[in-house]
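Structures are listed in the sections that come next.
Look at the two complexes coming up: subunit A is in both, with subunit B in one and subunit C in the other.
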Partner chain A sequence: MENMTLLDFARGPGLQWALWIFTFGVVWRLVGAIFLLARKDLSKPRRHNSLVAGIGAVISRSAPAHAFEKKIRFQHVTGYAWHFALFISVLFFAPHILFFESVLGFGWPHLPNAIILLTGVIAIGVLVALLIRRATHPVQRFISNADDYISIFVVLVPLITGLLAFAHFGARYETLLAIHLLSVEVMLIWFPFGKLMHAVMTVPARFQAGTAFGRRGVKA
Partner chain B sequence: MNTEPMSLQDFRGLLTNMCEGVSGRDLSDEDRVRRAKKAFAQKLNGHRAVDLDSCLHCGMCAEACHFYEATQDEKYAPVYKYRLLRRFYRREMSPMRWFYRPFTRDISGADLKEWQHLVYEACTGCGRCDMICPMGIKISAAIRVVRHGLAAAGYVPPEMRILRDEQRDQNTQFGVGAEKLKALVAEFSAQGIDVPLDRDQADVMLLTTAVEVLLFPDALAANARILNKAGADWTIRSDAFEAANVGIITGDDPTMDLAIKRIVDKAKACGVKTLLMPESGHAYQTMRWEAANEMGEPLTFDVVSMPEFISSAIAKGRLTLNKQSNGTSVTYHDPCRLSRKGGVTQQPRDVLAAMGLDVRETASTGRENYCCGGGCGEYVMCKGADLRQKAFEIKRRELDEAGADAVVTGCANCRMNLMIGADNSGWQMPITSLVETVAANLAD
Partner chain C sequence: MRKNQNLGEYLQMQGVSRRGFLKFCSATASLMALPPSAVAQVAEALATARRPSVIWLSFQECTGCTESLTRSHAPTVESLIFDAISLDYHHTLQAAAGHGAEAAREAAMEENSGEYILVVDGSIPVGNPAYSTIAGISNLDMLKEAAEHCFAIVAVGTCAAFGGLPNAQPNPTGAVSVSEIVKDKPIINVSGCPPIPVVITGVLAHFLTFGTIPELDALGRPTAFFGQNIHDRCYRRPFYERGEFAETFDDEGARKGWCLYKLGCKGPTTYNACATLKWNQGTSFPIQAGHGCIGCSEPQFWDKGGFYDPLSAGQWGSRDALLGAAAAGAALGVGSALAARARKKRAMAEEEA
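The block that comes next holds the complex of A and B.
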């Protein structure tokens, strides 16, 4: 233990604890909310295919309804840009895949570093744009709380430290890598406590909207 | 008894009189907060919890709200209107409450006062925000729970409270009871319109509303003529005719359940197969989607709206309508609780098309339709009148842009709100009801 480096800690107990808190927290919050349970709806359904309606809503809510398209174009476009850039950067960077392979036992093809660099920069740019909008748009500023800013911060830092490690810029590579890993661990620990949890809640939330509206014969 | 329809001006005078000289209930802040929390706890379930845990604070819902659009005031963002409930959930019921509690402010008496404006005067429960949320959160359902909390805390606006107490204690609204209905039915009989009042057994039981009886008796007469023409075995009961439910509007469960039970009990006693709802969006929502759950068992009869009944009768050949050939165009205004929250969207359009009318849609239509501006009982409140008028102007703009000759709707409250808005702004658009349009075009 005495000789444990920052990188050893980040790769070892730091990661283990972060994953435990992440997993337990996500399950606790998800199951806890769902298990408040709802009564069975006794009204006569107009349509019975609630499973189809639920799955339909999980898909259809990925795009705004016609009447709202123009009004939320910024959120819609930046939302897609952010998530795509993030997922590509996380899932298709060669060193990340090696890490996942060590945990999962299998890997997948990676993308060229130049593309990952580009998506990383795009992700940071979009997130900064979303941060600026949150701080300046009257409605978003008004409804925001600490969670909103913390959640942006804990996602932004791993992206920045990842790029710095990628570029070997600012410190020794081992130190940069350790900081990058630790920042990811902070993000994992925060995940179940804040609104990053939406990544998990999206499916049940949309699904239940789909079944509720579908029962009434309305497309959710 | 006078059966002349009340003029819109007289009805507005009646509402104004209700607003004057009514004082609030004398409860301590501590009591109010305790009652609100109890109601929140009773109404929170897994569905609401998943919703409350899913909000991204993206603020898109503001873009769907007519009150925000009309004012650009951020406090009218729907996400903020249910913030009170979210705070309660996070502090008291969330699986993460042990973490959130130190960082989440408790509900105060001042909060309840602030939210009375937000959820009663600045929300018609139209549910348009439900349609824009990328997470699928049923925002209007969460706001409705806030209304429940405020109702329990004694914060139902005084005008609504008068109506609620009247319905609960006297089974009347605006003083309209059995005698008034009987007098109106006698008047119809004198005009040759047969209304089988108070039959003990019937396949179909028609309901009406005090607003119809007072302001739009022609709509009730139209329903009678349509049912007679379709050869229905029907009745309307003078002891259970009121479809409007002030309980659901105010968030007062005991009154809602009592009003539902009066209807359900009578329909069962009469062996009714179909409960036919008049032109009232919230009444349809109450009986079609809430009644079984409130009674704790499935209903023994179907609950059907007039557009559904007419469209089905046409399809079965039991009703034939005259086709207009003069190119008259109409725009159908979807009542929120009939269309977006009820699934009755296509049927009224089919009925209008069956009369050969040129149906022109507004830019936002069907499930995305703008509210009339005064639903969910808002029309009785004096305090929100300016705000309602601003919301109405959005509706008016879309209706003007549709370019039709007239507006037709399937809800007496929408019709009245549109007429009040038109009256305030000098808008000349003819506004009428679907059933009256149908009754005027019944084929011989």
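The block that comes next holds the complex of A and C.
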């Protein structure tokens, strides 16, 4: 298009490339991991119903292990608060649903903007708190690498730019909207290649670990 | 209006009271974002202003802009001011035709050299100039000739300001805006399809008062009228904030006047004064009439996706392309898993040996 604006690019070619890379990367990693699982059973399993063990692990690992309950309460609470706030902000804001509808072909009911504003602010606040903790806590700092910080950054920026676009604050709306879309596209491109992939991998990974443990008769 | 009559005398003759005239001056000053102290200056300048010569060139256009400016419901001070300019050439409105009309244009240009205001509506075909000619003169040649000795140019309507509908893909005539041809004269873009009448009279009033061009935005539009987007001034904005949207043009939300964002309203990215000045003497504007803004005062508005596609909908290509990306990812996944297994097998064989 002649005289393509930043918003035209963000809504058009930018979004197309980001979605292609995202889809390609997610399918690549998921299929690769699934195919690695196929191997011969060389011993007689202790427990035959590995499906129950797999589902059990998915559920049991969603709550802290009793022995560590007090020690990891902060991560546990903030982790749930962050994911819940993110989930609401991303999936129940009317303009977002219209975006998903344009990609998926179907939509769903939305929540009032005031609630989205609240969850958006909570999500940013919690993520910043977690980032500060990661950067200052000696153990967390030790086990963190560039992937952790990049993954937090690429998720934090769309939240901030989204709130700015929502509030029409700092620049013209079309500029803010374009920056918001571009920041989401950066996140989509990073997603399959970094730790954000946990959004796809967590449940299957827990399930796989559960079935393996079940087969060996490990209670975990 | 006699040639040597000033605007004040003319308006008085037309039955416009001093009070009515001052009210118009106050409104114009506030429209142009001038301080209240400027009202007296506006009134004095307008009352004593001599008729400025205006040459109006219509190129690739639909005459909608002229319709907008001349077909007001009842005579207003704005329309009288419009009448009061010396419109020396306008081939839709003038009585003269053929060579006589062209002679009038040439005479006006010579008489008022360096002082006349050139108003252009319509885009200019540069792909093949023969697509639009007047008296055998191509639009391109006529614009260049008329622009050479003008004081300033007012590009009226989105076609003249940004290329508009003729410029829409695939642009068969090679249509361009005035600013893509004329580079050495001040150009005021009064965009809109059509533009709001009071915006053009506001710009003319600014000329008459200050003899300068008004403050313009990055797209060359007067900031007094194009400084804010429709969404920020829309009376339906509270419904947007509450998340109350019309889903179709005839549902309960539509009847209750809820926000039209989901129906493709381009208000948030459109800069114009429709929501404040409104149309037909402040009666209504498209959103008030129940239809979303189509963004007609913005460049390439015709090519920015469907009028009924919500602003947040992406133009993300086809599902086939996404399926292709997924297939490529799956192939690479299978390939890398097989390669890993082969490596493992080789390592085990080496260990055994």
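Descriptive notes on the structure:
Operating definition for what follows: the second predicted complex is superposed on the first by the 210 of 220 C-alpha atoms of A that agree within 3 Å, B and C clash if a C-alpha of one lies under 4 Å from a C-alpha of the other, contacts with A are read in each partner's own complex, and residues count from 1 in each chain.
The criterion applied here is as follows: a residue touches a chain if its C-beta (ideal position, glycine included) is under 8 Å from a C-beta of that chain, and two chains touch if they have at least 3 such contacts.
Computed from a prediction, not measured in an experiment: that's the story for all the values here.
Of the two partner chains placed by the overlay, only subunit B lies in contact with A:208; subunit C stays clear of it. Ranking subunit B and subunit C by residues of subunit A touched puts B first. Of the two partner chains, subunit C is the only one that A:8 touches; subunit B does not reach it.
Contacts of A:65 after superposition on the shared chain: subunit B is touched, whereas subunit C is not. Using the contact criterion defined above for the overlaid structures, shared-chain residue A:103 touches subunit C, although it does not reach subunit B. When the two structures are aligned on the shared chain, A:46 is found in touch with subunit B, with no touch to subunit C.
Of the two partner chains placed by the overlay, only subunit C lies in contact with A:20; subunit B stays clear of it. Shared contact residues on subunit A (touching subunit B in one structure, subunit C in the other): 28-29, 31-36. Here subunit B touches subunit A in the complex through residues 44-60, 62-64, 68, 72, 74-75, 77, 79-80, 83, 93-96, 99, 103, 130-138, 288-293, 295-299, 302-303, 339-343, 345, 363-365, 367-368, going by the rule given at the top.
Residue ranges of subunit A in contact with subunit B, taken from their complex: 28-29, 31-39, 41-44, 46, 57, 61-62, 64-68, 71-72, 75, 79, 134, 137-148, 192-193, 195, 197-198, 201-202, 204-210, 212, 216-220. Considering their complex, residues 167, 169, 171, 229, 231-232, 240-243, 245, 261-262, 268-269, 299-300, 303-305, 309-317, 321-322, 325-326, 328-330, 332-334, 336-338, 340-341 of subunit C touch subunit A. Put simply, subunit A touches subunit C in their complex at residues 1-3, 5, 7-8, 11-12, 15-16, 19-21, 23-36, 94-96, 98-99, 101-103, 110-114, 116, 168, 172-174, 177, 181.
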